[in-house]
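Next come two complexes built around subunit A: one with subunit B, the other with subunit C.
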Partner chain A sequence: MPTAQIEKKPRKTSGSPYPLWFFLPAGVIYGVLFLVPTFASLYFSLTRWNLFNSTFIGFENFLSFVQEPFLIKGLINTVIFAVSTALLKTIIGLALGILLTSNIRMRGLLRTIAFFPILVSTIGIGITFAVMMHPTRGIINVSLELIGIDGPGWLTDPTLALYSVAFVEVWRGVGLASVIFIAGLVSIPRDYYEAARIDGATKWQQFKRITLPLVQPATATVMILSFVYGLRSFELIWTMTKGGPGFSSDVIASVIYKQYQAGFYGLSTAGNVILFILIAVMVMPLVAYFNRREVDL
Partner chain B sequence: MSGLELKKVCKSYGAVEVIKDLSLQIESGEFVVFVGPSGCGKSTLLRMIAGLEDCSGGTVEIGGEDVTDAEPSDRGIAMVFQSYALYPHMSVRDNIGFGLSLAKTPKAEMNARVEEAAKILQLTDYLDRKPKALSGGQRQRVAIGRAIVRNPKVFLFDEPLSNLDAALRAKMRLELTELHANLNVTMVYVTHDQVEAMTMADKIVVLNKGVIEQVGKPMDLYNNPATAFVAGFIGSPQMNLLEGAAARKLGAEIYGIRPEHIDISRESGLWRSTVRQIERLGNDAILYLDVEDVGSLTVTTDGQTDVVIGDMLFATPQPQNEHRFPTIAR
Partner chain C sequence: MTIRLNKLLLGTTAAGLIATAAAAETELTFLVDVAPDTIAVFEAIIDAFEAQNPDITVEIETRPSGGEGDNIVKTRLATGEMTDVFLYNTGSLFQAINPENFLVPITDQPYADNIIDSFLQTVTAGENVYGVPTSTAMGGGIFYNIPIYEQLGLEVPTSWEAFMANNQAIKDAGMVAVAQTYRDTWTSQLFVLSDYYNIQADVPDFAELYTMNEAKIATTPAALRGFEKLQEVYEGGFLNEDFGAATFDDGLRMLANGEAAHYPMLTFAVGAIQATYPERLNDVGFFAQPGDDADNNGLTVWMPSGLYIPQSSENQEEAHKFLAFVASVEACDIQTATIGAQGPYLIKGCTLPDEVPPAVADLLPYFQDGGQTAPALEFLSPIKGPALEQITVEVGSGIRNALDGAELYDNDVRKQAQQLGLPNW
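Here is the complex of A and B:
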C-alpha cells in the first residue's frame, strides 16, 4: 500500500532498540511459567480444593491461615532468618571478595573453594550439617569436646536451632555472594586507588570512600537476592530441623508445607499468596533505596 | 618548590628489565618532558617517582631528600592520570577536595582552597556537578585541580592530553604551560607526542627501551640530536635518515637531513627525483619524492608551490644542516 510507505514509523518513546515481536518468545514463556500459575494460585487460594474439584469459599483460607497459632512465630523466624543471612552473606561476601581480588597466593584455587558450596545440592548440605551438628556424635561437638568444651545441641536446643540453620545457609550462599562482589570489585579502576594513595588515603579510607560506594550495585544485588532467598527459604530448614524442636525454627514456608502435607491445599495456597505479598512489601523499599543511590562507573 | 634527582634507578618485572640504571637531574621549577615510543618505560619511570612502583635499585630524591622508600603521599608530589581517575560518585568539589578531606582539613579552609583552584581552572560553575556531566577538557581540569590543592613540590603528568581532540589538546597545552609559569613548580610530564614535548618542555628527556637517549632543551635536541633515534623522534615531519650506499657516499653510516632543510629546484641539484605524493597543509606542503639509488625522501616546501604529482625535481640538502650518525639506534 503506497500510503503505508509514506506513513512514518511510530517513534517508540521507550527507546528500545528491538521491535516488539522480539519480545514474544520471552513473553510467552513468562506468561506460561509465571503469570498463569500466579493468577491460578490467587484463585485457588480463595477455594477449598483437591486434585479433582474446587469450591469457592472467599477469604476463609486467609482467615484461618492468619489464625494459625504458630504463624506469628513463623513470621518472626522468617524475618530473623532472612535479615541475618542477608547481612552476614553481604558482609562476609564482601570481605571474601576483597581478599580474593587482592594479590594473595593461590587466588584461583581459593576462589574455587569459596564457590564450591554452590555446586552441592541444598538438601545434601542440610543432611551433612545435620549429621555434623548432632549433639553427641556430630563432628562439631566431638571436636569441641577434645578441647574441653561441652558443645550445645545445635539443632535440638530451641533457642539455637534457627541460628544454626542460618549459619549453614550463610556458608552455602556466601560463595555466590563473593563471586558477585568479585565481579563488582574488579570493575573499579586501579587508578582510583593509586590517586587515593597519592592523596594520602589509608587502606580503611580507600575502602570507605571508594570501594564501598563503587561496589554498591553488587551490594544491592547480594542484599536483595539473599533477602528474598531467606524469606522463601525452606529446604535447609526442612532437612535440618523440620521446623523443630517444637515450632521453634518454623518459618512461613515450613508452616505452609505442613498444612499442605495435612491436605489443606487451599490453606497452603493462601499461605503462599501471603508469603508472596510479604516478600513484595519488604523487598520493594530495599530495591527503591538501592536504585536511588546507584552510581555508574 | 624543589628539584628531583634519580640516581641509577632500575626496574625489572621478573627477568624483564624495563628501566636500566637511569640517572637524571631535574632542577627546581623546571618543566621536564619524558618522551619516547610506546612501551619505552615512561609511565614506569613516572610511577617510580610517584612511589606507585618501587625501584629494583637506585634512589629517588625529591627536594634533596631520599624518598626511595617513602609512601606516595609523603613525597610532596601530585599526579594527573591519563584516565583522570575522577571518582564518579563525588561532585567536582569533593573530587578536588578529596585529599584535603582525608587530611581532616577544616571545612572553611578546604572550601577556600577548592574554590581557589576552581577559579584558576575556570571550574567555578561546575563545582557541584558529577564528573559524568563534564566535557573531556573540564574533566582534565578537575584532575589538575585535584593536584593543585595539594600544593605539591612536584607535579607528575602521565599523558594527560591523550584523550582529548586535537583542538582541545592545543588549548590545554597552552593552559598547562601558563599554569607552570604561574605556579612556578617542578613538573614532570610524560607523552609520546613529540609536539607536546617540543612546545611545553624546558628540558626533554628522550627515552628508548628503558635508557635515556638524550637530555636537552627542545631546540638543542632539534638542532643537535645525539643519536639517529633522537633525530628520528624529534621534529615533524620526521627527519630523512639514509643508510647504506647512499649514506656512505655522503660520508656517514647514517645520514640525516630534515625535510625543511632540503632545497628543491627544477633545473639542477644533488638528487634527481619524481614527486610521488603531495600533502598540502596550507602554509606548508609536504612532498614525498622518489630518488634513484637513495629511496624515498620527504621535503617540506612553501604551501603555494605549483608542483604536482609526477613532476621531476632536483633536491639538494643544505650543507650546514646535515647530520651524520655512526649507527642506527638500538
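Here is the complex of A and C:
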C-alpha cells in the first residue's frame, strides 16, 4: 500500500516534491480573498448597485465613465501624474543614489535623511504641505514674498494644483528610489571603473558607459514601482486638494472614491475595473521592455 | 517579569468586572457627526436622559461629516453594523439611504405627534415617517457684518441688484465684500442652493418638473440664476484673496472680525460663531438671498438632521425612549441653554428666549405671519447630484462659466436619479 502511493505521486504532481493538497490552504485564501472579489466586481461593474440590490445595465457604467468630462479629466490627470512622478523619482533618485554612494562626509546621516519621508504617514505629509502651500499664509509663499516674489496659489490655481501634488509625491517617494539605486550602485564591481580610469575615461563617460547600463535592473524596478504607485495614487491628492479646485486635480482613484461616497457602487466598481485594465495595459509593455533590455546586456 | 504579568492579570480582571457591571443596564450606541456644537448639545441631552432613565446609558460614537460620513452611514446600514440610534440628514440624502429597507418607522409612536408637519415631510418615505428633528429650522442666505454696514451707511438689500451695489461700495472702501471658503468645498454651494425661494417664485412647480426630468437647471432661466450669481460675485472681484484655500472656520473668522462684509451660509453657523467669537456675536446679522424682484423677498429654508433607528438595532424599545426625549420641550430647552437659540424649533410647544442674537432675530420674521419661506430643493426633490460642490467651486473661481456649470450639473443629477430608480430618467 505505501509503495503504491509513492509510485503514483510523481506522475500526478509532475516532479514537485510536495503533494498538491499542500497548496490548498494558500489556494483557498487566494480564491476567497482575491479571485472571488475580482470576478464579483467584474459582474457588479455591469450593474446599478446600492449594496442591497443590483440591476443589470450592461456597459452603461463604462459608457458614463467615458462620456463625462470630469471622469475623462481624471484619466488624463492620472497618466500625467504617474509619468511625471515616475520620471522625476528615477532621475532624482539616481542622482541622490550616486551622491550617497560617493565618499562624502556624514554619509550615514544623509542617507537617513533622504529615506526619512518614507517613514512619515502620507496623510500627515499631505496635510502639512497643504498648510505650507496656503496662498497667503503658507510658509512657502511667505518666504517667497520676503525675496520679492509673488508666489502662486500652489493648490488653488487649477493649472498648478496637480503638479504641486506631484512635487510632494516625488519628495515623499524619492527616498525609496534612492535606496534601491544605492543597492544597485554598490553591486557594480569597482574593477570596471578602475579599468575605465586607466583607459582615460572621463567621469561622464564612466557614468554613461558603466553606471547607467549596469544599474539598469534598479532603474527598471524604480520606474515600474513608481509608475504603478502613481497610477493608483490617492492619499496625497485627497488630503491636499480632494481633486480640486473643481475637478482640476482629480485622478481615477479620487473619482472612484467620490462615486463610491455618492453611493454609485456600480459606477465606482466600473472605475476600478478601468483602473485595473489601465495599469495592466500600461505596465506590461514597460516590464517586457525592461526585461528585454536586461537580456541584451 | 512576574510583577508585570501580575499587573496585567489584575488589569484584565478589573476590566472584566467593570464590563459585567455595565452589562446590567442597556447601553444604547449613538452615531453622530463630529461638529462640536452637535456633540455639546447631545452630551447635555444625554446627561438629562440618563438621569431620568438610570437603566440606560447612551454611548456617543462620532463620524466625519460630508461625503465621507454619507459613506460610513450607507455602508454600516447595508452591513447591519449601524448603532442603535444615528443622526443623519433629512430630504434627498435621507431618501438615498433606502429608509423603507433599513429604518424603523416611528409613525405610530406617540412622540411623533409632537413634531411639526413641515419637518415630518422631509423624513417620510412611502407611508411612514422615520425621524425626529435634532435642532432648529435653518435659513440659507447671507450673513453680514453689522459694523461694516453701519460704517458705510448701507441698507440690507432685498434685490440682487442692491446686493451687488453694496458689494461694490464695500470693495471701493478697500474691504473684502464676500468671503468664500472653497477649501471646504461644500460651502461653495450656498449661492446656488439658497436661491431656491427665487426659483419657485418664478416657476412654482419646478421641483416636480425637475424630479420628472421635464425641467433642467441650464434651460430654466430662474434656476440658472443661482449659478450666474456665483459667477457675478467672482467676476466683480469681491472675494477674499485666499478664497480657494480658506476653510469654513476662516469664513466665520472673517465675518465675525469684519475682515469680510458678507458670507453666504446656513444659519446654523450662528452656533459656531457663538462658540468661537462670543464677543462678536452681536456684530453679525443675516438676510435671505435676494432675487431679482425686490417686492418678492423670501427665505430658502433647511430642515435639521434627524435621529433614526435602524432595523438592525437590538434595543429598539430603549431607542424609542431616547427619541421621545429628544422630541420633547425639555430637550429644546437644554439645547437653548447649551448653544443658544438658533432659529425656530420643530417640536410643538418649544419656545425661544426673548433675547436672541441679531442674526437669529433677523431670521425669525421670515417664519412669522407676513414672512415668506420655501423649502430648499433638496427637501422637495430626492435628486441632488454629488458633484455640485465641485462644480460650484469651478463656477465660483472662474474656471467654468455659469451655463457650462449648470449643464454639467444637470448631467451629474442623472446618475442620482437612475440610482434611485426614478421614472422617466
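Following the convention adopted for this analysis, the second predicted complex is superposed on the first by the 261 of 297 C-alpha atoms of A that agree within 3 Å, B and C clash if a C-alpha of one lies under 4 Å from a C-alpha of the other, contacts with A are read in each partner's own complex, and residues count from 1 in each chain.
Just so we're on the same page, contacts are C-beta pairs under 8 Å (C-beta built on N, C-alpha and C of every residue); 3 or more make two chains touch, one makes a residue touch a chain.
Please read all numbers here as calculations on a predicted model, not as lab measurements.
Peer 1: Applying the touch criterion given at the start, work out whether A:L119 contacts subunit B, subunit C, both or neither, answering first, second, both or neither.
Peer 2: neither
Peer 1: Taking the superposition as given, does A:G263 touch the first partner, subunit B, the second, subunit C, both, or neither?
Peer 2: In the superposed model, A:G263 contacts subunit C only, not subunit B.
Peer 1: Between subunit B (first) and subunit C (second), which does A:L146 come into contact with in this model arrangement: first, second, both, or neither?
Peer 2: After superposing on A, A:L146 lies clear of both subunit B and subunit C.
Peer 1: A:N50 contacts which: subunit B (first), subunit C (second), both, neither?
Peer 2: Touch partner of A:N50: subunit C, not subunit B.
Peer 1: Look at A:T156 in the shared chain and tell me whether it touches subunit B only, subunit C only, both, or neither; answer first, second, both or neither.
Peer 2: Only subunit C; A:T156 stays clear of subunit B.
Peer 1: Using the superposition described at the top, determine whether subunit B or subunit C touches more residues of subunit A.
Peer 2: C
Peer 1: If we overlay the two complexes on their shared chain A, which of subunit B and subunit C does A:L109 touch? Say first, second, both or neither.
Peer 2: A:L109 sits against neither subunit B nor subunit C.
Peer 1: Between subunit B and subunit C, whom does A:P135 touch in the aligned arrangement: first, second, both, or neither?
Peer 2: second
Peer 1: Going by the contact rule at the top, pick out the subunit A residues touching subunit B in the complex.
Peer 2: Residues of subunit A touching subunit B: 189, 191-192, 194-201, 205, 209-210, 213-214, 295-297.
Peer 1: For a test of understanding, state which residues of subunit B touch subunit A in their complex under the given definition.
Peer 2: Of all residues in subunit B, those touching subunit A are 50-52, 71-74, 77-79, 81, 83, 85, 87-89, 98-99, 102-103, 132, 146, 150.
Peer 1: For the complex, give me every residue of subunit C touching subunit A.
Peer 2: The contact residues of subunit C facing subunit A are 67-68, 70-71, 74-75, 78, 96, 98, 101, 182, 185, 241-245, 386-387, 390-391, 393-394, 397, 399-400, 408, 411-412, 415-416, 418-419, 421.
Peer 1: Can you list the residues on subunit A that touch subunit C in the complex?
Peer 2: Residues in contact with subunit C: 48, 50-52, 55, 64, 68-70, 134-138, 153, 155-158, 242-248, 258-264, 267.
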